[in-house]
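The structure's right below; bear with me while I get my questions together.
Chain IDs A, B, C and D follow the sequence of writing; residue 1 opens each chain.
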Amino acid sequence: MMRKVIGIIVIIVGLGYVFMSFDFLPVIGDSTAPAHTHVSDYYIENALRDTHSPNLVTAVLADYRGFDTLLETTVMFSAGVCAVMILGSKSHIRNRFLVPKKILKGKPEPGVSAYKTVNKDVMVTLIAIMILLYAIYVLLHGEVGPGGGFQAGALMALSYIVSMMIAPDTRPLFSLSKANAAALAGIGVFIYAFTGLLTVFNGGMFLEYGRLPFPVSNEYLHTIGIMLIEVGVTIGVMATIITILKAIIERVRFDDDRD
Amino acid sequence: MIQHYPALVVILPLCGAALSLALTKIHLHLGRNVIFLSMALSFYMSIMQLRNVVINGPMEYRFGGYAIPYSIEFRIDTVNGLVVAMVALMGLITAFYCISGEIRSEKLKVGGAYAVVALFVAGMLGNASSADAFNMYVFLEITALAAYCLIALGGNRGMVAAFRYMLVGTIAGTFYLLGVGILYSATGTLNMQDMSIIIQQGGKDEAVLVALCLMIAGLGIKSALFPFHGWQPSAHTHEERGSAALIAGVMVKIPVYMLFRFVYCVFGTNFKYMQQILIVLGIFVGIGMMYGSIRAIGQTNMKKLLAYSSITQTSYFMLGIVIGSPVALAGSLLHFIGDAFIKGGLFYCAGAIKYKFGTVNIDNFGRIYKKMPVTSALIVAGALSMIGIPPTVGFFSKWYIAMGAIQTGKYIFVILLIISSLLNAIYFFKIIEKIFMSKDKGLEDVRPVKKGELPWSMLVPMSVCIVVIFLLGFLNVKIINMVLPLLKGVGM
Amino acid sequence: MNMLAMEFRPLYAIFVPLIAAGLIYILGERIHQNIREAITLTAAALLMVVVYSMIPSVLAGNEIKLELFSIVRGVSFTLGTDPAGMIFACVASTLWLPTSIYSIGYMRGHHEKNQTGYYAAFAVCLAATMGLCFAANLVSFFMFFEILTIATYPLVTHYRDEEARKSGRKYLAYTLISGQIFFAGMVIIYVVSGSLDFVPGGYLTEAMLPGPWALLVFFMMIGAGIVKAGVMPLHSWLPAAMVAPTPVSALLHAVAVVKAGAFCTLRVILYVFGPKLARDCQGAVILAWMAVFTIVLSSLIAIRQDNLKARLAFSTIGQLSYIILGISILTPISTSGALYHIVAHAFMKITLFMVAGAIYVTTGKKNISEMVGIGKRMPVTMGAFALASFALAGFPFFAGFISKTNIIMGAIEAGQPMFVATLIVSALLAIAYLMPVVIIAFRNGHINPEFAQRGEAAPAMLVPLLIAVTLSIVFGVEPNAGLNLLEFALMAGKAVF
Amino acid sequence: MMTGIEQFLADKGIYYLTFLLLSFGVYGIIACKNYMKKLICMNIMQVAAIVFFLSLGQKKGATIPVLIEGLTNADSYINPLTHALMLTAIVVSLGTTGVGLALLTRIREKFGSVEEDDIIRRQNKL
């Protein structure tokens, strides 16, 4: 125990000394620090003119440094694929959740005993729809308000999770098997990359939205460009979250397992 | 179209990986073939790009079409043109090598395995060609994530090794991120070209010192430099057989290239604290060279032996940075490129022997050269090159490093170079003795291989490695002449 | 004469054995034994033709310089013929034919395993030796030097058993360590002087390597030569390499490896350092005394050796130190004496080894004590052994005599009485360790029943034996016969000083 | 003397605290025995890096980076670049944690526990 305490004290004192002797960081909050004067004020001043999106963060994220976001989505996708590859092998674990095939076969009509908890199922479907609607709003509204693809994707996945957790034996709004979800994540990333390739084929640099082939004036091109990549990001994020979720659920033995 | 090549070299494997899972659902091998096609195309483009860079100077590619400091930029000059070409070729032949390791049972696993390898290669390609500090961090993370998965696929012990490597890798990534943050706070931009102009104007020595220390720690951990090499041996022994070559051969080297890029191109050589830092690095490198070889001598597991020997090789690349003279830098770059094929090739052999006879222990490698002529030829070629026998690339890179060391008067490194190449000789000839001369242990095939020594998907990468080892030997003068005008030494 | 054809001849000389090695290794298992042997023999004959065709031009004094591609930045892979290189090339190519005939007889007679590997490695060794002779700068020289080391390794460990592996390890340890040190010295010289080409009379000056540096780099560079030539403190790999089959030790001791060591010392001292610098930095004197120490000590050890091949190995160590002594006396005559001794020693020593091999294959005897009265059974072989022993001892009308007298005259001219005394004493010691074998062989007292009736060695072994003996006599009587090797030696000596 | 430390804390205190958080995360990774705790400490470390970047981007008296009609000069908005970068860092930490969890489930399943010494003991037996 003593060793730990000594360790912590050493860290605190050591770091204090380093920070005292070296003043390599600017004072917090002063707007003349080099970090704010060189590149970021260009972004602030020209964001509206270049990218036509009032939300500066989305402008930087989707347009100025759009390539970073493509790589971000690839990180998500690779995390999803890795999780699936690591957890994917043991398929003989009893599938805890009703696979759509089973449900479609014997669909319980209202009055049958399986249908007894009407309110739970109704409530779940209502919530799921609401979440999905909000997700679409966040997606489309991304460049104006603080929104964007990642939040929208997370919300869509959330609607899937909610319906799965609360009413596991009802058929969720849309259900994906692990392989399909991983494939969908790939397609999401490809949509993003393809918009970039579209601009390249059309003579511009990669992800230069001014060169998108749609017959619309320059101003809207940027918005469409940002929209397209946001859609790709959303699909990628949603599918990855669902893949990881299904991979972990199929593998883990919960304590209240019936089998 | 050629000015788009820098971007397309990275994007194609990425798209291939993204689509592979969906395409595998359509047909088992469609995803795999799309990835092969994308990698072959990206290798072709990297060669064209290299040729273009040699003919008419460095190329740069601004994503999104905005001016330099405001958008992400890829800058390709001869140094990273060569690195990109090497990574693309290694990626292609490793993808071929993974054919033998396919688990045909599950569609997902087939598509996924190749997707991970393609992501891994795309990450390294991006890392080599990017000229934006934060962009390098994201590529570093993609490579790391794919590496965790590849190590984890190597069976149960691989899981533990992958988890440990993940912890260490994330520490390294975060240190690098903090280094970038401090540099951003000092200079205001993330573009390396712009950053070096601002740093050159001076007045930012302390921020650069702290950032450099953080980056050396971060990139040192990633490239298993001496004091931070703990994770490497365990990670390399349990890797998934196919991709071991990529992880040990190439991934360990990219951070060294990044450190070179930061130390020599961004911070510049007349930075105040540079001499002291290079001395500290020199000590790490010196011990690392000795430590790796000595530990490797006692090993019986071939993969662990190669893992320890790659610690020595990392010190060889750092040697060029530490010595500082342009010739030494060019020499360590040549070694960087040659060693990817040597180390990669040797890991292919270890994988092939495990695939055919199911054993990795050196002692029962009795007399396998009769059954596996190509593998033993590659082991001999790799051994000769590690020791530095002329026709192979190893000799020439040692030549330039030694010349650089003598020119700058650092004789200690020449002595270390000689001692460590002799130590390499000891454990390599131990392997050669076991393969060619010891009693036949009567190893029989673990898998019924139809004809010949190994499936063609393994023989092709191995023969490519042998050819490249000797080819680089003959082309070394061209490579050095390409690279030398670009490098300026420390305090030269 | 058309210069072009002549131009690429040194390159052909390297590629002929190399292609032969490739053919043998690839086709070896599939084709019949005789065809494989035929490849070796045709390659040997072709090589002799190529090398001999270069003699007239070198004699006329114009050297062929062949600059191919630049091997390292600033240094190109150049091949060139000069008198010293020509001598070594002639010796090696001439001896390849008899040695391969002999090894066919030995291998078949002794039913050896993996002969394909043997012949392929043998051919690669010859290619490396040719490269050594014609290399015109240090980088290509080092390249072939290392290839020779690697190519002889499978030959030394031919029997693949534990003992062979141990001696292989020792051989590699010595040669690789000295090779790497040679590499470091080479880089220092390149950095200091800016060029690595061989210039008769050397191009390094005192200014380039001030003070103790000259001595340090001198010993770094000749270290590799001394190890291969078996100078005393670094010789122990040579007796250990006796484990290999006799044709291999014939190659090792008479044709390729040991001579490469002496040749490397010669190139370094006379063509890189130059006599003046070698003398100033005291390197030559120390080397001379090391050679003297080796000559005396190895001859004494040779006398006590019972195993015939071990005795011949120590005699090789002694004879090679003659060459080193001849070089380090740094006078024109002693240099040409040393060069000619390369020729003389090659033919004499190869005969002795072939005799040892023949005895072992036909009667299975290894030790001299078991060979009492063997002359009865194999008079021709033992006759050749006696002649070769006289030649080695330096009797007049034999090849050994000419080279020894030159070295002695050089020593007198250099005013070194001690060296003259050593050379004479060692001639007596040579008799001391070779004559007992001859006397035992021809004693007609109590004879071992095995040796009663005549049973000569197989013709495939006997013929090359006789060729070698006759050549050593021919080169004794008329040194400039055919290849006028003494002429080359004198030319080389004059060119350096 | 007091004002010196107060001045330091006011100006650079946040950076000192983030580096402190970082070193606790790293210390946790090394010192904790349970793998799950190591994973959590890894997350702490990544959060520390994110907080450090965001604290770099602050400006005194500036609003959120969504353009408002009247306001045009740069000082009135905080630095959007750091926020955009940190979105990527957040996603990276999510990806790493996701893969880490997947690994842990497999380790838990195979070795029966996530305690480091149990794993090492069983691993050697394997």
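Quick note on the criterion: a contact is a pair of C-beta atoms (placed from the backbone, for glycine too) under 8 Å apart; a residue touches a chain by one contact, two chains touch by 3 or more.
None of these values were measured; they are calculated from a predicted model.
J.: Contact counts by the stated rule: is the higher one at B-C or A-B?
T.: A-B
J.: Between chain B and chain C, what distance separates the C-alpha centroids? Give it in angstrom.
T.: Whole-Å distance between the two chain centres: 44.
J.: Go ahead and note the Å separation of the Cα centroids belonging to chain A and chain B.
T.: Chain A and chain B have C-alpha centres separated by 31 Å.
J.: Where the CA atoms of chain A average out and where those of chain D average out, how many Å apart are those spots?
T.: Computed from C-alpha means, the inter-chain centre distance equals 19 Å.
J.: Using mean CA coordinates as chain centres, what's the gap between chain A and chain C in Å?
T.: 75
J.: Give the residues of chain D that touch two or more other chains, as numbers and ranges in rising order.
T.: Correct list: 56, 81-82, 85, 88, 92, 95-96, 99, 103, 106.
J.: Which residues of chain A are in contact with two or more other chains?
T.: Touching at least two other chains: 23, 25-26, 35-36, 39-40, 43, 65, 68, 71-72, 75, 78-79, 82, 86.
J.: Taking the top-of-page definition of touch, could you list the pairs of chains it picks out?
T.: Pairwise, the chains that meet the contact rule are A-B, A-D, B-C, B-D.
J.: How about chain B: which of its residues touch chain D in the complex?
T.: 134, 138, 141, 144-145, 148-149, 152, 156-157, 159-160, 162-163, 166-167, 170-171, 173-174, 177-178, 181, 184-185, 190
J.: Using the touch definition up top, name the residues of chain B that touch chain C in the complex.
T.: Interface residues on chain B, with respect to chain C: 384, 387-391, 395-396, 398-400, 402-403, 406-407, 414-415, 417-418, 421-422, 425, 429, 433, 436-438, 474, 476-477, 480-481, 484.
J.: Which residues of chain A touch chain B once you look at their complex with the stated criterion?
T.: Touching chain B from chain A are residues 18, 22-26, 33-40, 42-43, 50, 63-68, 70-72, 74-75, 77-79, 81-82, 84-86, 88-89, 91, 178-180, 182-187, 189-190, 193-194, 196-197, 200, 204-211.
J.: For chain D, which residues count as touching chain A in their complex?
T.: For this pair, the touching residues of chain D are 8, 11-16, 19-20, 23-24, 27, 31, 55-60, 62, 64-67, 72, 74-75, 77, 79-85, 87-88, 91-92, 94-96, 98-99, 101-103, 105-106, 109.
J.: Per the contact definition, I'd like the list of chain A residues that touch chain D in the complex.
T.: Touch list, chain A to chain D: 4, 7-8, 11-12, 15-16, 19-20, 23, 25-31, 35-36, 39-41, 43-45, 47-48, 54-57, 59-61, 65, 68-69, 71-72, 75-76, 78-80, 82-83, 86-87, 144-146, 148, 150, 244, 247-248, 251-252.
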